[in-house]
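Naming follows writing order (A, B, C, D, E and F), and every chain is counted from residue 1.
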Amino acid sequence: MKMVTVIIQPKRLDSVREGLSEIGVTGITATEVKGFGRQKGHTELYRGAEFVVEFLPKVKLEIAITDERVEQVIETIIACCKVNGGAIGDGKIFVSSLEQVIRIRTGESGPDAV
Amino acid sequence: MENQLFELQYAIDTFYFLVMGALVMWMAAGFSMLEAGLVRSKNTAEILTKNIGLFAIACTMYMLYGYDLMYGGGVLLNGISGEGETYSNASDFYFQVVFVATAMSIVSGAVAERMKLFTFFLFAVIFTVFIYPLEGSWTWGGQEVFGLFDLADYGFYDFAGSGIVHMAGASAALAGVLVLGPRKGKYDKKGNSKPMLGANLPLATLGTFILWMGWFGFNGGSVLAMASKESADAVAMVFVNTNAAAAGGVIAALLLAKTWFGKADLTMALNGALAGLVAITAGPDTPSALAATLIGSVGGIIVVFSIVILDRKLKIDDPVGAISVHGVVGLWGLLAVPLTNSDVGFAGQLIGAATIFVWVFGASLALWFALKAIMGIRVSANEEDSGVDISECGMEAYPEFVTK
Amino acid sequence: MENQLFELQYAIDTFYFLVMGALVMWMAAGFSMLEAGLVRSKNTAEILTKNIGLFAIACTMYMLYGYDLMYGGGVLLNGISGEGETYSNASDFYFQVVFVATAMSIVSGAVAERMKLFTFFLFAVIFTVFIYPLEGSWTWGGQEVFGLFDLADYGFYDFAGSGIVHMAGASAALAGVLVLGPRKGKYDKKGNSKPMLGANLPLATLGTFILWMGWFGFNGGSVLAMASKESADAVAMVFVNTNAAAAGGVIAALLLAKTWFGKADLTMALNGALAGLVAITAGPDTPSALAATLIGSVGGIIVVFSIVILDRKLKIDDPVGAISVHGVVGLWGLLAVPLTNSDVGFAGQLIGAATIFVWVFGASLALWFALKAIMGIRVSANEEDSGVDISECGMEAYPEFVTK
Amino acid sequence: MENQLFELQYAIDTFYFLVMGALVMWMAAGFSMLEAGLVRSKNTAEILTKNIGLFAIACTMYMLYGYDLMYGGGVLLNGISGEGETYSNASDFYFQVVFVATAMSIVSGAVAERMKLFTFFLFAVIFTVFIYPLEGSWTWGGQEVFGLFDLADYGFYDFAGSGIVHMAGASAALAGVLVLGPRKGKYDKKGNSKPMLGANLPLATLGTFILWMGWFGFNGGSVLAMASKESADAVAMVFVNTNAAAAGGVIAALLLAKTWFGKADLTMALNGALAGLVAITAGPDTPSALAATLIGSVGGIIVVFSIVILDRKLKIDDPVGAISVHGVVGLWGLLAVPLTNSDVGFAGQLIGAATIFVWVFGASLALWFALKAIMGIRVSANEEDSGVDISECGMEAYPEFVTK
Amino acid sequence: MKMVTVIIQPKRLDSVREGLSEIGVTGITATEVKGFGRQKGHTELYRGAEFVVEFLPKVKLEIAITDERVEQVIETIIACCKVNGGAIGDGKIFVSSLEQVIRIRTGESGPDAV
Amino acid sequence: MKMVTVIIQPKRLDSVREGLSEIGVTGITATEVKGFGRQKGHTELYRGAEFVVEFLPKVKLEIAITDERVEQVIETIIACCKVNGGAIGDGKIFVSSLEQVIRIRTGESGPDAV
């Protein structure tokens, strides 16, 4: 099993969720995060003083998935997030390995629990 | 002795005007909080800036020329330094100037979350120096409409401004919304309306209570006199009816929401209160308290239907419901007057309403289009995505709170 | 000339009533903000709905019948269209109607976060049309208690309503809380009280300041006349004492909190202010400013102890402290009157307090039980977990902010 | 008949004082909200505690002795129970006591986020019982400055307190900030100023609107009479000018911010409104509405420059800009009087300003140093990091919201 | 060393923390997250329009632990979260491998640092 | 590739971000979290009742990085967070393995995408 972690623009959340639902992903955990990357932050103003907000609001999605579906999940995410040829800040996908997954309610574990 | 009596009467009426005016001024805070609570957090600082800015502009422009145009008070108020006949002229100006700000406040909510701030401010300049005062000169000012006809001849009656102030503001707002279009993402490809939640309902509720309180000044002050038994009774009855109508609006809107949607929708309760207030404003002097409650209740029912229809059927995107509350219900307010005031007829009310609407809507539409051509009316799609707080004001309203 | 003088006096008194009434109406916003700040964020939209709804209900029910029951003003206010003797009847109604709303507001906070909204509204209907007005008819209305005895015979004195309004509201609240039980999770298995933090203390502070301001109308208006040297002096002294007592309440509560808990507990400072105000309400006319400060201070001390005892010892779960502030301190207010007013005795005050408490508590208890049997009084455990905002109003108060 | 006329006049003037006083009292809520909105969320509960606490202290200390020192009203107000000559003495006290609270409120914002709460409270005790009343006795109280000279001889004129109240408050604040030093992290090693964002701008905006409204009482009440044609006209003109100046301040500050920073900085618009109000306070009686707008506009421009210069050049860390708004603009207000009032000269205004500043700043500086030596003035670095809400009040203002 | 990541109902936070403390776990990191799973979101209302809030508030706990204690930690979590036979939305546990753990204060690393 | 996850004191965020920028790290994801560790929570008060807030505000940083730079990143973080000899609550670093990294905008993957 793998954990696919992806950082996206907040405005893409709905379309990614729908895209993943359509391909049968049944579990997603989303977190509000702040991202520091190539996309530079914006300038704000406070009582006449400018300052740069370095961290931009992003959403992190974590999707635990069986190995064979990783490819499909990644493609779906890219399809939903790369709009109009892609723009800076579209996000990044990280894949790592999961040793165990357990559904608390039933005690199921392994791929069944995903 | 005579003279001393007169001085006291003069003092009472002036004092009354000033207190009522201060209550109306307070409505500016009410609109600010209401609107700030009903927009999304990323557009909150901008709407606050808009509200304090428009209030300042309205006060200044009306002083420079608007008051003169509407009531002949003299350019730059040069006529007000002298004493008035039964109260201080300055107190009359003070009371009137906060009305023009109210009319302008109605616009700001409807065009929220997507309009360029300085385009809005420029509109405010013209609206408060010209569009509103000219309309006001035909109604409260007693002038003929473009020298053609006199609304008084048709018996048009609008006690405190359901039409003259509220529907006028809503007409300008409607024109703005039509030129501006809905917020990005408000309607999906199939045309379904997507709710965009107000970020801070306690603030919106506070705003509603402030407006409710301020409305006692708005309607109560419109009796224009206090210092006699007759006028004291009139002012007191206006207070009672204003309160009764607001209460009726809340109850009706809540019950309708509960029946229709299954839940006691707070935003509808707030709109219901305001609708009750707008509904009674054209004639708070004649109904009994029970009749006022009913007039307000009908307002509360109308506003719920109107908001849903505008939003879902007509696809008119009005983030705070200003067009429904002040426009649709404002019209109801005008039409409700003949029900309890036998001196007033439906025809006259309709002619008055049409005159106000045609002028304010038409002139505003032209002005919005002109501003669009000259300086643009809408922020860029990207700016709208990140919120106008950053693009227009450079700052966030709640910089520390993590938002969804 | 005589007549003109009378008209001016009539105008002044009416105007005064209306201004004081507007200040008391403003207290509705104060209670809303106070309570909205002291509940958890998931129950905020509902308490706002409750507050605006109860205000509307109170105004409507009191108009329909309550005012007639209490003062004989005529069903549907049909007696108020005529002129009053020294001020407009309508202004008197306006002033009185906001009082009944105040009494009802006291209840909403105590039963917050777990009661069904429409059960509460139904209670509000009966309370404001019957339970409170009947009680009021025995005190300010001058009627005999069920035709049995007359409180006036015992010299019962309650200037502006420490007992008649505040303790009455708290008695209904206490009955509600007993029938309802504490919030889920408030007491752990060992019976230890778990703090449930108010989500927005600036809002609670704003509410307190609003109430403080509104109280000038509450007490100041209860002089019931302004237009003579004597009454003007009385009103002025009432203002000074009301302010002094609130200040005393704050200082005492803060010092006690600092000494006892080691910290300057803001919630106690707020409760201290309100306690000072409740304490002076029964007799703001007789004390010197220093005495008023002391009466308020004692209120501030009582409220701190009362909140801790109710919460920890008696396990009475009152999220905003309403029972302590309005009930326990309301009693103190009644008992403090004889200290500065030699015409009033402790016995009479106790008899009055007992009468109010027995009737309001008893009738409310019966009504709460009846409502529980008929329609249920409490939301389900699941609904309570997710917050009554979703289950009762269908919406969140702060939908964008991430909460812990 | 004569007597009845007098009674009515007495009632009107007293009533007017009380209403104006209630508006000024309301400014306490305005300062609280303004400051609570402009500090970081971790220091919000403490500043609320500070504000309600200082108001209570001011009211109590001024009652005990301050009023007597300033106006000879008698220790413990023992002189006020009798009737006044043209209005109730108690109403005068009520009006004056809320002024001292205003002066004290100015201090709290400037020293926010780092001062020990009880050190502040002790300062408030001395300031309101002695430092301010003594200064007030030389100006409005008509006493000689330490028996040396009489400001009246120099024609010093400060209608409602640009200098006597606002600059005085700011002088005490400046002394406090100098003794206290800037907030931790405010200036980096290179001495660059780091912005520390206010957590809740809707609250700050609400505070500004409250202050704007309350200022009608502040300036309007300072006419000190209502019950004649002349005074009614004066009060009305003061209302108009107060409003005009605030509007001018907003417009000027917004335009300057837009030009200079490229954005419509909301915090500057708010400061602009307050600056306009402070600027007109020394002489709202003589200018025309246009002149008042201009005086306010200059205030709005000064405040923007002053805030930037204090923050970046002088490294005086004033979280809410109180020293600029009330101090620098307060001085401008004094100096603007001779522009429209030919009875007043610059020299006299400067002498008065210097007298106020030297005394209040000097005495405050000494007192702050003394308090620092005795009990410490600043919380520990760790407490400052975690926020003074926890260390001073033990609680958080927004315990549920996740903050950045 | 393992990283045990678990998504729970917010109301279980206190009991899980206590349960883990009792078995000697000394470090936990908690994050407010929003979960999309079998437990469907609830319907909300705004100005008369209904809409579904798809994501429900959840808490994510991350617990770094030595290999041998993983089993015990999982059991404790299940014991605290599965109340009354288990209900939908009770949560999921994910286990992955940790290569290194370092305590910044002391520089300790490996199992000692956990 | 590795994922370096670190829990720090919120007040260190700026200095860590600067430190990492200086050594050429171009991507960081930050999350507001609540930490339960050796550093005990503080006592709060509410209407006279004391209670302990067990979880303290912390910031979690996630930094995906190529294997050879892990050492340098860890050192930098320690340098920025361990001030004055180190204090309780300074934080912890967790390192785990990343199987894949993809930049959505370009489709790049592997070390290039980091």
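Convention: a residue touches a chain if its C-beta (ideal position, glycine included) is under 8 Å from a C-beta of that chain, and two chains touch if they have at least 3 such contacts.
Everything numeric in this text was worked out from a predicted model, so none of it was measured.
Participant: Kindly list the shared contact partners of chain C and chain D, in label order.
Facilitator: B, F
Participant: Taking touch as defined above, what minimum step count separates chain D and chain E?
Facilitator: When the steps are counted carefully, the minimum from chain D to chain E is 2.
Participant: If you tally contacting C-beta pairs, which pair wins, A-B or C-F?
Facilitator: C-F
Participant: Over half shared numbers or under half: where do the identical copies chain A and chain E land at their interface, same or different?
Facilitator: Interface between chain A and chain E is built from largely different residues.
Participant: Using mean C-alpha positions as chain centres, tell me how far chain E is from chain F in Å, no decimals.
Facilitator: The computed centroid separation for chain E versus chain F comes out at 19 Å.
Participant: Approximately how many whole Å separate the CA-defined centres of chain B and chain E?
Facilitator: Taking the average C-alpha coordinate of chain B and of chain E, the gap between them is 51 Å.
Participant: Based only on mean CA positions, could you tell me how far chain C sits from chain E in angstrom?
Facilitator: Measuring from centre to centre gives 45 Å for this pair.
Participant: Quick one: which residues in chain D touch 2 or more of the other chains?
Facilitator: Within chain D, the residues that touch at least two other chains are 1, 5, 8, 12, 15, 19, 197-198, 200, 206, 261, 263, 265, 267, 393-396, 398-399, 401-404.
Participant: Any chance you could list the residues of chain E touching two or more other chains?
Facilitator: 31-32, 34, 45-46, 50, 96-97
Participant: What pairs of chains are touching here?
Facilitator: Chains touch in the following pairs: A-B, A-D, A-E, A-F, B-C, B-D, B-E, C-D, C-E, C-F, D-F, E-F.
Participant: Could you list, by residue number, the parts of chain D that touch chain A in their complex?
Facilitator: It is residues 193-195, 197-198, 257, 260-261, 263, 265, 267-268, 271, 304, 307-308, 311-312, 321, 404 of chain D that touch chain A.
Participant: Using the touch definition up top, name the residues of chain B that touch chain D in the complex.
Facilitator: 1, 4-8, 10-12, 14-15, 17-19, 21-22, 25-26, 28-29, 32-33, 36-37, 44-46, 48-49, 51-53, 55-57, 59-60, 63-64, 76-78, 80-81, 83, 87-91, 93-94, 97, 117-118, 200, 203, 206, 392-402
Participant: So in the complex, which bits of chain D are touching chain B?
Facilitator: Within the complex, chain D contacts chain B at residues 1, 5, 8-9, 12, 15-16, 19, 23, 40-41, 197-202, 205-206, 208-210, 212-213, 216, 220, 226-229, 231-233, 235-237, 239-240, 243-244, 246-251, 254, 258, 261-267, 269-270, 273, 288-290, 293, 398, 401-404.
Participant: Could you please specify the touching residues of chain F with respect to chain D in the complex?
Facilitator: By the definition above, chain F touches chain D via 11, 32, 42-46, 50, 57.
Participant: Touching residues of chain F toward chain E in the complex: what are they?
Facilitator: Going by the criterion above, the answer is residues 2, 6-8, 31-38, 54-55, 58, 60, 74, 77-78, 81-82, 86-97.
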